Amino acid sequence: MDCFSLTGNQPVLRAESLEVWRGGICLFSGLNFELHPGQVALVTGANGSGKTTLLRVLAGLTIPTAGAATWAGTVIQRVEGPDRSKVTYQGHLDGLKKDLTVEENLDFYRAFWNSHEPMDCLLEQLRLDGCRDRQIRYLSAGQRRRVALGCMRIKPAQLWLLDEPLTNLDRKGSLLVAGWLAQHAAAGGLAVVATHQREHLIQSASIEIEL
Amino acid sequence: MDCFSLTGNQPVLRAESLEVWRGGICLFSGLNFELHPGQVALVTGANGSGKTTLLRVLAGLTIPTAGAATWAGTVIQRVEGPDRSKVTYQGHLDGLKKDLTVEENLDFYRAFWNSHEPMDCLLEQLRLDGCRDRQIRYLSAGQRRRVALGCMRIKPAQLWLLDEPLTNLDRKGSLLVAGWLAQHAAAGGLAVVATHQREHLIQSASIEIEL
Amino acid sequence: MNAFVLILQRDLRLAFRRWSEIATPLMFFIIVASLFPLASSPEASQLRESGSAVLWMSALLSSLLALDGLFRTDAEDGSMEQLILSPAPFGLIVLAKILAHWAVSGVPLLLLAPFLAISFYLPLEALPTLIIALALATPTLSVLAAIGAALTVTLRGGGAIIGLLVLPLTGPVLIFGTRATEMAINGESALGPLYLLAALAVFAISVGPMAASAAIKVAME
Amino acid sequence: MNAFVLILQRDLRLAFRRWSEIATPLMFFIIVASLFPLASSPEASQLRESGSAVLWMSALLSSLLALDGLFRTDAEDGSMEQLILSPAPFGLIVLAKILAHWAVSGVPLLLLAPFLAISFYLPLEALPTLIIALALATPTLSVLAAIGAALTVTLRGGGAIIGLLVLPLTGPVLIFGTRATEMAINGESALGPLYLLAALAVFAISVGPMAASAAIKVAME
Amino acid sequence: MSEFLQMGGYAAYVWSAYGITLIVLVVNIWAAFRSHTGALVRIHHENRPERSGRQPTVRQIT
Amino acid sequence: MTVTLRVRFVRWFHQLASPPYVYRLAGQLAPWFAVTAGLLLLTGTYGGLVLAPADYLQGDGFRIIYVHVPSAYLSMLAYIIMATSAVVGFIWRIKMAHGLAVSAAPLGASFTLLALVTGGIWGKPMWGTYWQWADARLMSELLLLFLFAGYMVLRASFDDREKADRVSAILAAVGVINIPIIHYSVEWWSTLHQGPTIAKLDQPSITMDMLSPLLVMILGFTIFFAWLLCKRLQGEILNREGHARWVEKLLEEITR
């Protein structure tokens, strides 16, 4: 992992009295937190408490009802140009093309994010070497999730927004993701991770946001 | 839970040297097991080891390359008529109509399975009372899974085939499913459950099949 | 039987939940049929000549168009597996789905056809034959389209490939249908082709759902 | 620019991966255009009269048909979010997707049109005009269809609704296109309608992708 | 001979029909042989898949 | 007697489902078919072009009949063979039957194309046009071409061969409805196309010296078709069997 060029200790991701309403119900309000480089935030809460919604707000995909999320001082939706490639978002859906092979999917995102990370090592980590030339539609649920995580990992972003990354993963997969998070944090990265498997990720986390 | 009309201790679900090949690779071969009334089998294994495939074979949705799965002596694919309603299958997909409300989806399956279970209590258990009239497309991932489990639960089947039922569920949801399984086994039911969260379900299980 | 009614009910409800889905094939039908005179020269004699052809073509297209999702949505959200695993015969369930589709695409088309026929200056005496022919042909078209949809249920872009598979099968229906219309326009009795249309319909309805259900089961395997 | 090329490349590869998808709109075009004469009376003079109308109608339909999945597949598998979050301007990405679609649906149609025109007994002198008119019209049709697809990206049954939203917009294209063909058939110079078609194309390509990308962003929110 | 070739004025039609028939037959022969030898060559170059029948374990939990 | 016959039949039926047997059988039959087809086609062509007298109405133009009718008839036969064997394969799960269906498809498509082209060429001098849209026989023959194409496209869109076999078998079976329509369309509607000519042998509408080359050509085309069907079937069997032991052995023999 290379270190990100960042100015020391200043907060980089900040939520200022965020509030989101959905269908006449307030999911959360007055949510404030700051995330500094090297910190991982865990978002927990019951089903339907608004974890996914929060992550989408932080990614700039959803506009909050009130308050704002800022990235290095800029309101997230207004982040434009190369700064956008500093954020990566992995939702419940995997963003893979079912008709392309594992390698083609990864290649596409690698070129799309302008990344130069070597792929072989990544595929080995994900234990996908055997499926390299298999189309996504023939993969098992967990294998798909692994490919999606690979696409996420290949983007050289400083802020990771991960929505239940451990879904469908086996034990080794969960350990891999926990390891990645620790590594990312150590290199000065930030992450906001929504999960129901708190026990697997709490070691790498420094903030917990309970919705 | 009512007891199922079954003759004592004889094995009801039996796999005889099952073998499945996919794309030139043997997923598993020589798989033998018997499941008696009141027993729950846990299927574990790494991603892509064939858990989903095994469950589909047991449901009669996939034809094994060799060997056979039998239900009370009949090869599963040949089970016809009312006997089919003795088996329920819940896969990675939820089988819900996104444009119908929670209640409409449940109502449909209730009528479809000829079930007379009361629904209010079920909705309360699943903590879905608030979402009753909300369309599935507006639900969170975990809420959808709860509705799907409700549809599964409403079918008065003796054999449950569940593929990673705990996906996207919060802690209370996992406890609920574990409780259901114990209850089902106590009433003489059978279940085969594929999961990566072994620790949540191992209490209710009596056989573990590791692929 | 219970399953039949339930599926019919559910599919109709889903269709009405998005009313646009019912309105669209109709609008399509109307727009095609009214754009056509715009695109060709507008003389009455000419219009009458191509009128029945346009009517049949757009009936065919609009009944094919809406069909892409008939089984695909069920397959993609996992309901199809539940339907396959039901104790009711799967062919019956498929028949219910086809019937629901016909009710929202075929029936309104039958109701609209006379107005279009008149606007194309078809003779009034030909109307009853035209409507009977359409009433006999649209169920067959729906069944054929359903077979196409079933064959391609797990294929990406199946929507497009359906056309290739189904259009050749619809050839006979179109041949007999237009023949009947033509004979009626010329004032002859069109009983011959109408009988053939009826025979095709009976054959399609009795065999089609079985073929479609077998195709779905294999494709979902 | 990089993103533009990548998306173009990926979409083309996806289309070629299932070569049937490229073949199908074409087959559709051929089948419609050859079934039509079957359904109408067979005299050559007649065929020439409605020939250009049929050509245009089936060009329109086949370019609309393939478009249902243009954005929907991306939206449903989660790639759309990744594309929205990319540093490249989203309008550019949408333009690349439209271009890829046109390359696999519009271009082969242009190549086939002359043969069909000949089989409908259109005069040879009219061919160049016909092809230029189609070349100018199909990109506009693709852009229009893309706007429709964008508006309905998260709605179910969008495939059918696209026709509803977009068909009226295609009116001008069809009018100018058939006018140009007719003038060419009559031996007149068709420059007027061709200029208008070109203007429509320029307008559609410059404004369309922006409109479509805005619609997608709102729909995905 | 030239009378034979002229086919009573129908030369263009008759000879083109027979010519096209010949072409179709020859192409068919070529394609059929290629499909056979092609399969042989493909199999020859492929390496044989190894049969790795993993034996699942079934454990009773007490 | 009947028992031994039945036993023999059952054994034969089982052998027919066994790939190595079929492969060998096809390999043994092919050369015989090739030689017979060649001889028949040569004599038929000579008979048709030279021996047969010119038609009193159509002159020498009628000689196209010797390629048109055999290819038209073969297009239908090929479809029937394809559909039947696909259905047999579907019901009894016989791989070889599916292989036969797959092999028949491209051959059938090419003969359909040939029937269309030769018919069109013949139509120009006879009807004054290459193609007549509204003629039901011409139209249904064109649809037959599309059916063959649809069958092949559908197969190509599946990656799993067995799934492709079973799904495309359903399409092939449904498409059979087109065959009687091709055949009877000329009787149902008086159209441009010729009515039945050969079938009415009792009141010959065609003289014997015209008819016999036609029969020879029809037989020749059929055996030609059988020959190529054997070759294609062999290829298809290899595609399906992959690295079965007997294929490996065969490869060793060939490479040695």
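Labels A, B, C, D, E and F are assigned to the chains in the order they are written; within every chain, residues are numbered from 1.
Just so we're on the same page, a contact is a pair of C-beta atoms (placed from the backbone, for glycine too) under 8 Å apart; a residue touches a chain by one contact, two chains touch by 3 or more.
Because the structure is a prediction, the values reported are computed rather than measured.
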Pair exhibiting more inter-chain C-beta contacts, E-F or B-C: E-F
Maximum centroid distance from chain E, chain identifier (CA atoms): A
Gap in Å, rounded to a whole number, between the CA centres of chain E and chain B: 47
Whole-Å separation of chain centres (CA-atom averages), chain D against chain E: 36
Length of the line joining the C-alpha centres of chain A and chain E, rounded to whole Å: 51
Shared-contact residues (touching 2 or more other chains) in chain A: 92, 98-99, 138
Multi-chain contact residues (two or more partners), chain D: 18, 20, 23-24, 27, 31, 38, 40-41, 156
Contacts with two or more other chains, residues of chain F listed in rising order: 139, 146, 149, 153-154, 157
Touching residues (chain side chain B, partner chain A) in the complex: 22-23, 45-48, 51-52, 92, 127, 131, 134, 138-143, 145-146, 164, 167-173, 196-197
Touch list for chain F against partner chain C, complex: 90, 136, 139-140, 143-144, 146-147, 149-150, 153-154, 157-158, 163, 166-168, 170-171, 173-175, 177-178, 181, 188-189
Chain B residues within the chain C interface of the complex: 59-63, 81-85, 87-89, 91-100, 104, 108-109, 111-114, 151
Touch list for chain C against partner chain B, complex: 2-3, 6, 10, 13-14, 17-18, 76-79, 81-82, 84-87, 220-221
Touching residues on chain C, where the partner in the complex is chain F: 144, 147, 150-152, 155, 161, 164-165, 167-169, 171-172, 175, 179, 192, 200, 203, 207-208, 211, 214-215, 218-219, 221
